[in-house]
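In the two complexes that follow, chain A is the common piece, with chain B as its partner first and chain C second.
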Partner chain A sequence: MQDFRAKIILVGPVGVGKSSLIRRFVFQMFSDLYLSTIGVRVDKKTIEVEGKQVHLLIWDLAGEIVNDKAYSNYLKGTDGIIGVFDLNRPQSYIDLQNILIAIQKEFPGLKSLVVGNKKDLIDESTDLRDLYDYDYLSSAKSGENVELIFEKLAEKVITSHETV
Partner chain B sequence: MRQSEKYRIVFDENGKVYFSDAPFLKLNNESFIGDYLPMFMDKDIYSNIASQPLHPYEFSVNKERYLVDFELDKLYKNDELFYDLSITNRTGVYENLQKERTAKNTYRIEGEELRQINRRLKVRIYELEDMMKYVLGEELKTPVGNIKNSLEHIQTSEIEEDRKQKLLNLAYQELSHIESMIEAFSEVNEISDSSTFEESYYCSVSEILECIKNKLQTLNIPKFSADFSDENLFYVNKFHFANIIISLIDNLIYSSTKAIDELQLSSTLECKDNSRLGFSVILKFQDDEREAYSPRGTELKRSVMSKLKATKLAELYNGEITISNPSESVSRAELSFANLLFRKKK
Partner chain C sequence: MSQVEAIQELRNLLLSDDRVRIESQFDGYKSELLSAIQKVESEISDPEKFSVHLSKNKTTMIDILGPMMGQMIKKYVEAEIEKINEKISNSRNWFKNKLTNLFVPKSKRTRDSLSKIGTPEIKQVLLIERDSGLLLGKYSDDRDVDTDIIAGMFTAIKSFADTAFSSEENELEFIHYKDHKIRLFPYGTLYFAIVFTGRDTVVLNEILTAGISDFMDRYYERYLATQHRASLYDDISGLIEKEFKEICKTLEQKSY
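This part shows the complex of A and B:
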């Protein structure tokens, strides 16, 4: 079976649930306890996509690193980005857009997905498409769409590797 | 674990480990570098990041969590390049820092949420005010027309005393109706006064009950009991909440013709999936008919207006109201608010 390695970075403002998504994806765990990430956290998980083994190296960056001058250093070698915002905090969507614009400016063409997290806290009747432009909705708490997000990004990364 | 420990790892350009005294890296575990040490993903950033540690790196091995600083030197042996990685384990120090940042971030997120709640409340209050203006405008037409017609009839026609009395009673009832509508409108105006927004803050259920105490005194209720959990603080405007409960009590009183025997107030908090704060207002009535406060028609209209006001105010907080009459002598109003922002009392 063909093997791929992919470095994926989760970006987004503080408290949107980046670490919770990773914890849910890698360890199948969720905790309501909020713990602000400091520095860089790296987790790995291997998944199978389109008959290929993909070794994901998932980086979780602390919110304040985004404002660092050396921010782009952490992004070097990145294959894909998951931009996360909190569906309950419209401001987090605006902040995420600014982060993604800055990243795309420096790394044009980088594969990315925009994910609205904390879906479990949203009233089902709310028409979220009217409010936000996103690729997927997720809930780290219930696990909804968490695996799917990482798989979809891995697919995008593999496709781009193959076309290159 | 000591506050600070130093380890050393030496590896070549391909990540092969030649030396390690770090407890989380065994020599045969070659996948560690590359999988966990982020620099390996792109050799260029070795020097950029690792030689100038800016942020700690976190990784976990067998549930043990390490927060470390890296410092990297290059080693040359027989013209071969090796990397000499010094690792300072500062898990304890960084865990304390993490607690501080978590507290700061929680405050920041909460502040953002509170601003949004206030903005949403303001918009909904304006909607409520508009709705009340419309209702008042429409509702005034009928009673004013009735009063005018009654008075004209009395003035211009020769009518019997009995009929004249009926017309005067009708005019009086309609005036009372107008009075109750103006009262309700004044209360909405008071609520929409911008100063009350500033009063949105974390308050307890007992503070809300304190606000309605004066109202309870005027009702001369023989028996009163309150049963509520007061461990939490809710981010609400206590004036709004007190008004909802007062309006519901008004609704229950004016929709019945019986004398009040007992008022029971209680509150519950469910924290399972979505936090849900509930209030229960139970009025028990005596068998005797009470003395009317005003004509029956006026009382019923006042009861309807009270419920309308309570419903609209509760909607500001996504609240739901259910009114029921389990028996002839009991009326019950249930209030339920989902997803209110709350925190434990310190």
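This part shows the complex of A and C:
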């Protein structure tokens, strides 16, 4: 089976649940201390996509450093990004849009997914499509769609590499 | 008469009685103070008188000097105990070495002694993409460590340090953690991270620089020409292992 390595970054404002999504997806080797000191922590998960062994190197970037120069340096060489916002905080959706626009400007063509997180806290009767434009909804608490999000991004990345 | 002169005149008239009273009081204090100073001077200059004075005020002197002397004595005793411990430890090691020398062959003893003084030993070699932090190939004797994550974190730390010190020309080259040292060798869009124990010697750096340069001269073009880096991993890891086994041999020879 062919091995494939990809760098994935989770971006989004502070407190939207990026680290919780990763924690749900992988066994973390390094402590949260790295996030508060250098603004990043790297984790890994190997999944199987389209008959390929895909090693996802997942970079969790602290929301606090979004305006730092370090932020764009960490984004270099990224294969795909997952933009996360909090479904309960409309402002976080606006902030995420601004972050994604800035990233696309610097790294055009970068594969991305937009994820509305904390679905477990939302009233089921709410029509979220009226409020937000997103690819997936997730809940780090219940684990809903967490694996799916990473798999879908991995598929996108592999497809883009194969069509190069 | 000016205004100032008028005020002075008024002051003289009103305060003359007070001035006389204060001056007479001050003269009394002055003579008392002068005689006290003279007494102290005569006692200090005369050792006999001084010792009598000290013995009379023994309790007061102990109260003043006691705490200061206590601190000094405590520090002195601590320093002496430290020295004694060091001597005991050295004697123990000397005795242990003597005993070992009786039972172990000379060639092995020599090798052990040299290794103890910090001969560098390469533990891991990682070839990493500078921007993405993705591992392109490795040589590692530790199967338990996830080198993909290590490569990512090295890159994150390197990127953080390079940004924090806003240096385009200078890059993070060396990380020291406990008995492990990590030397980073940039080459184009890639870099090597060499993890080793022992001393960071000139010989080690010369051997590594030459070896890496030679390796990259042969394989960097091939890396640039490859569209799918994934396909390189096993191939490059094999080549790195071969190259660095040779480098380790050279290092061993030059170190002894």
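Assume the second predicted complex is superposed on the first by the 151 of 164 C-alpha atoms of A that agree within 3 Å, B and C clash if a C-alpha of one lies under 4 Å from a C-alpha of the other, contacts with A are read in each partner's own complex, and residues count from 1 in each chain.
By definition in this document, contacts are C-beta pairs under 8 Å (C-beta built on N, C-alpha and C of every residue); 3 or more make two chains touch, one makes a residue touch a chain.
If you're wondering where the values come from, they're calculated on a predicted model, not measured in any experiment.
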item	value
Side-by-side fit of chain B and chain C on chain A, or clash	clash
Which superposed partner A:44 touches (first chain B, second chain C, both, neither)	both
Chain B versus chain C as contact partner of A:121, first or second or both or neither	first
Chain B versus chain C as contact partner of A:14, first or second or both or neither	first
Touched partner set for A:161, first chain B, second chain C, both or neither	second
Partner chain in contact with A:3 - chain B first, chain C second, else both or neither	second
First, second, both or neither for A:90, with chain B first and chain C second	first
Touched partner set for A:35, first chain B, second chain C, both or neither	first
Touching partner for A:62 - first (chain B), second (chain C), both, neither	first
Residue range of chain B overlapping chain C upon superposition on chain A, of 78-86, 168-176 or 240-248	78-86
Footprint overlap on chain A, comparing chain B with chain C	7, 34, 38-44, 55, 57, 59, 68, 70, 73-74, 76-77
Chain B to chain A touching residues, read off their complex	35-38, 41-42, 44-45, 48-49, 52, 54-60, 67, 94, 97-98, 101-102, 104-106, 108-109, 112-113, 116, 273-274, 339
Residues of chain C touching chain A in the complex	129-135, 146, 148-149, 152-153, 156-157, 159-160, 162-164, 166, 227-231, 233-234
Interfacial residue positions of chain A with respect to chain B in the complex	7, 14-15, 34-44, 55, 57, 59, 62-63, 65, 68, 70, 73-74, 76-77, 88-91, 120-121
Chain A to chain C touching residues, read off their complex	2-7, 29-30, 34, 38-44, 55, 57, 59, 68-70, 73-74, 76-79, 161, 164
